[in-house]
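Chain nomenclature is as follows: A, B, C and D, assigned in order of appearance, with residue numbering initiated at 1 for each chain independently.
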């Protein structure tokens, strides 16, 4: 458990293991703790760095603030500086993938390899309105309503149905959190910070070798969106996970490890076939 | 504009044109009026019958009632009786497709050909919770919240984005409707009537020649659900519409006409190739 | 059974039924007779015109000649002239779809609606080499070899497996044909006539309302090729048939009728939703 | 360069690097040499063992023999015995994947993790006839004919088109090989050895953690076939590679390394999410 400060705001991170460094970036509703199931596997051969963005987990809240993704991109840059990280591979999912893309555009030399799970190149009007539904559900302070609005859509119908006990437990854990005004306000600020996200003009400047992972039942950043990212990034490699939804790392955890570690640790990226 | 009565409840229907009869069944948020753009084309060579289910359009509300789909299946049977329809082809989308399936199971001799757009065989736990999100949004009486919760998800992201003027107009028209307590209570009853829907044990008894139409960007009754229906119905024929969402008839109107009329009016269904 | 002459070559065609005219164009190995299973259904409400291209069926062979698709496009124009057809809808599959596209580019006013099954916009190097494998198999005059080279690839593996009796019968019928030098030379000329096919520069000028039908298990003109055609033609409408191969009209005959007749006979093509 | 003997037949293998052992099994037309581009990456952290099956590469030919896959499964068992390998992970593509499946069924304790690229559970009638087309082309001793019959179909059309120089070079290298009677006879025996392949009754007994990798443009063992394998093996994990064909390791080499090494080297296979 470590931290550093940005303008009197505490930023929480975890830095474990050794080897090629991997920075793992959270989805919007996640925190460093969400990755607990993966830590052992990731730190077996790598240095694993996790961080809570502003308004996530143990990093400070930005009460009353309005901000864009840039504040998180800068937080990430501060983390690299604080750790004196010359270069690292970055894995991001969804919100975290979007921050990763922007970091890779702005700080090219800092990024070794890039792994993007369930990540889009911009917040389209459709997703913007879905975000607004989440924010409206948050305003009610009704944890059940927020859960039903924001959670089913991030899982595939099949996973949701075949893991009903697990889902029931998620509900039990999350409804109190989703009834908490402080948390809901964090979620609102994070959601709002994504409204203006659009890297379509700059994404093609990314130079890092990039792995794009799409889940076929992702109904927030559908395959079609990923196809755009895969085409826009020149050194990109694209795989699809059948039968998984937006929270793909929970639905297919071994594939998450396989793809991240396999891609980042592969000795060569270019092959003369 | 015609009507008949079931237990002192008025049922509204439209009966136009002549030729092979087609009964067109509404999705959950629709009414007979929603099909206006298609009427000319459908009645050009066919008799077109539309009907509002209980709690839809101009058919009476069931204030304070709790019911299942069966009440609508029975309404449909009463319509056939009222019109002395020996047999008709039935087209249903989503909620309407589910009623059509149940009618085809219960009244085999009444159904000529069956066309199912965006229709599932049961309400899975995932969809059930999405329905609960809609109901919770309805309780707020906040038309914008209801719109953002229920509308984006029924369109493909691409349609939503490339038809922003049209979508803005929908919003203008629908937000007042979605702020109306009577309407929201109707929607709640209709949504609840779907919670117990499950025909997996009986769907294979359908004998009607059936066309299944899936939209590839349908995020409420995804392609995988349709695959189940296509396999379960023995005389089934399956097509997919790329790039369309759940409200496929609005996104691809000419394909809607093409598929319904082509399938129902084709002289032969069996071919000795 | 009718015919007309082009430069002392007899061109065979069939002209049946009445109503909106439909011209049905053969795939490379087909002839007017191949459509026999569909004639009753098509002529029920339409005038159905079929024609054998040069080196097909009962139209004269072009012994020793080398030609491109243009000769068939011109044959089609002569047919329109001979029949004094002001305008007709055209349905083509594969080779026939390619001729249809070129006719629609060159004779815009003659084409009402266009239906393209399993049709590409150009013969890519991959397909060119597959064509060369067919030609090499033809040179052996070994009917079994030609059958195994050219036939499996035009069906989906599933259809091939679940219709083994039918396939065995096809083999029995086709192996003698595929052992016939005259037929194999016709096939060689037809195959060669496709090598230079490429409408990528002009396809976007097509104005006809167009239906693109792709089969998901089409391994000669895969879905990706159809996607190109669907994007290139402005008034296009695209559907996919799951589980069908290149000879989609034989695998899914009712869908073939449904799509052709539904699209061509739909009163309106534009809908104000 | 090492070898051992089975019944006076020399079996050639390569055994390099150290770490968790990986046995890499060739596709039908491949040999140990075909993996040269991957050796450095695979042996960076693993022991890499390659082997030529009978009638492949530097392993002895079985002139005049008729055999089934079992002879290769036994060869693989002999290799494990020769190397005193207690257990290893196995990667197989196509033919090699089929041998890997049968080995995993027959020698459960020997298999750690299993990675199957482009591998089916049985030779269906469709693939059987395609194999016969290859054999017929082989009989002509015409290298160009064999190339055009067997090569395009193993690449995606897009790869074939965008790598024309590379493909032209393949042609230059392969046509002489494909004109060689000894090689063509080997190919015929290998092709014939696959005709009776069918593990549908036993595949579900596989216990090894298994990664299934399908290529979306694989036209020999299409995605649908892989779906069967993914469902039949209980501890299976499935990914798809968009835009790649049957020879997926050449079209997407970095994904090949990523998936094999990531899956085999991941510390944990089970995650408590």
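Here, a contact is a pair of C-beta atoms (placed from the backbone, for glycine too) under 8 Å apart; a residue touches a chain by one contact, two chains touch by 3 or more.
Since this is a predicted model, take the numbers as computed values, not measurements.
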**Message:** With touch defined as above, tell me whether chain A and chain D contact each other through largely the same residue numbers, more than half shared, or through different ones.
**Reply:** same
**Item:** Chain of greatest Cα-centre distance to chain B
**Value:** D
**Fill in**
Between the Cα centroids of chain A and chain D the separation in whole angstrom comes to 36
**Asked** Whole-Å distance, chain A centre to chain C centre, using C-alpha means?
**Response** 49
**Message:** Dump the list of chain pairs that touch, please.
**Reply:** A-B, A-D, B-C, C-D
**Fill in**
Interface with chain A, chain D side, in the complex: residues 37-38, 40-41, 44-45, 166, 209, 211, 216, 227, 230, 237-243, 250, 252-255, 257-263, 265-273
**Touching residues on chain A, where the partner in the complex is chain B** = 124-127, 129-130, 132-133, 136-137, 140, 142, 144-145, 147-149, 151-153, 155, 157-158, 160-161, 164, 167, 217, 219, 222, 224-225
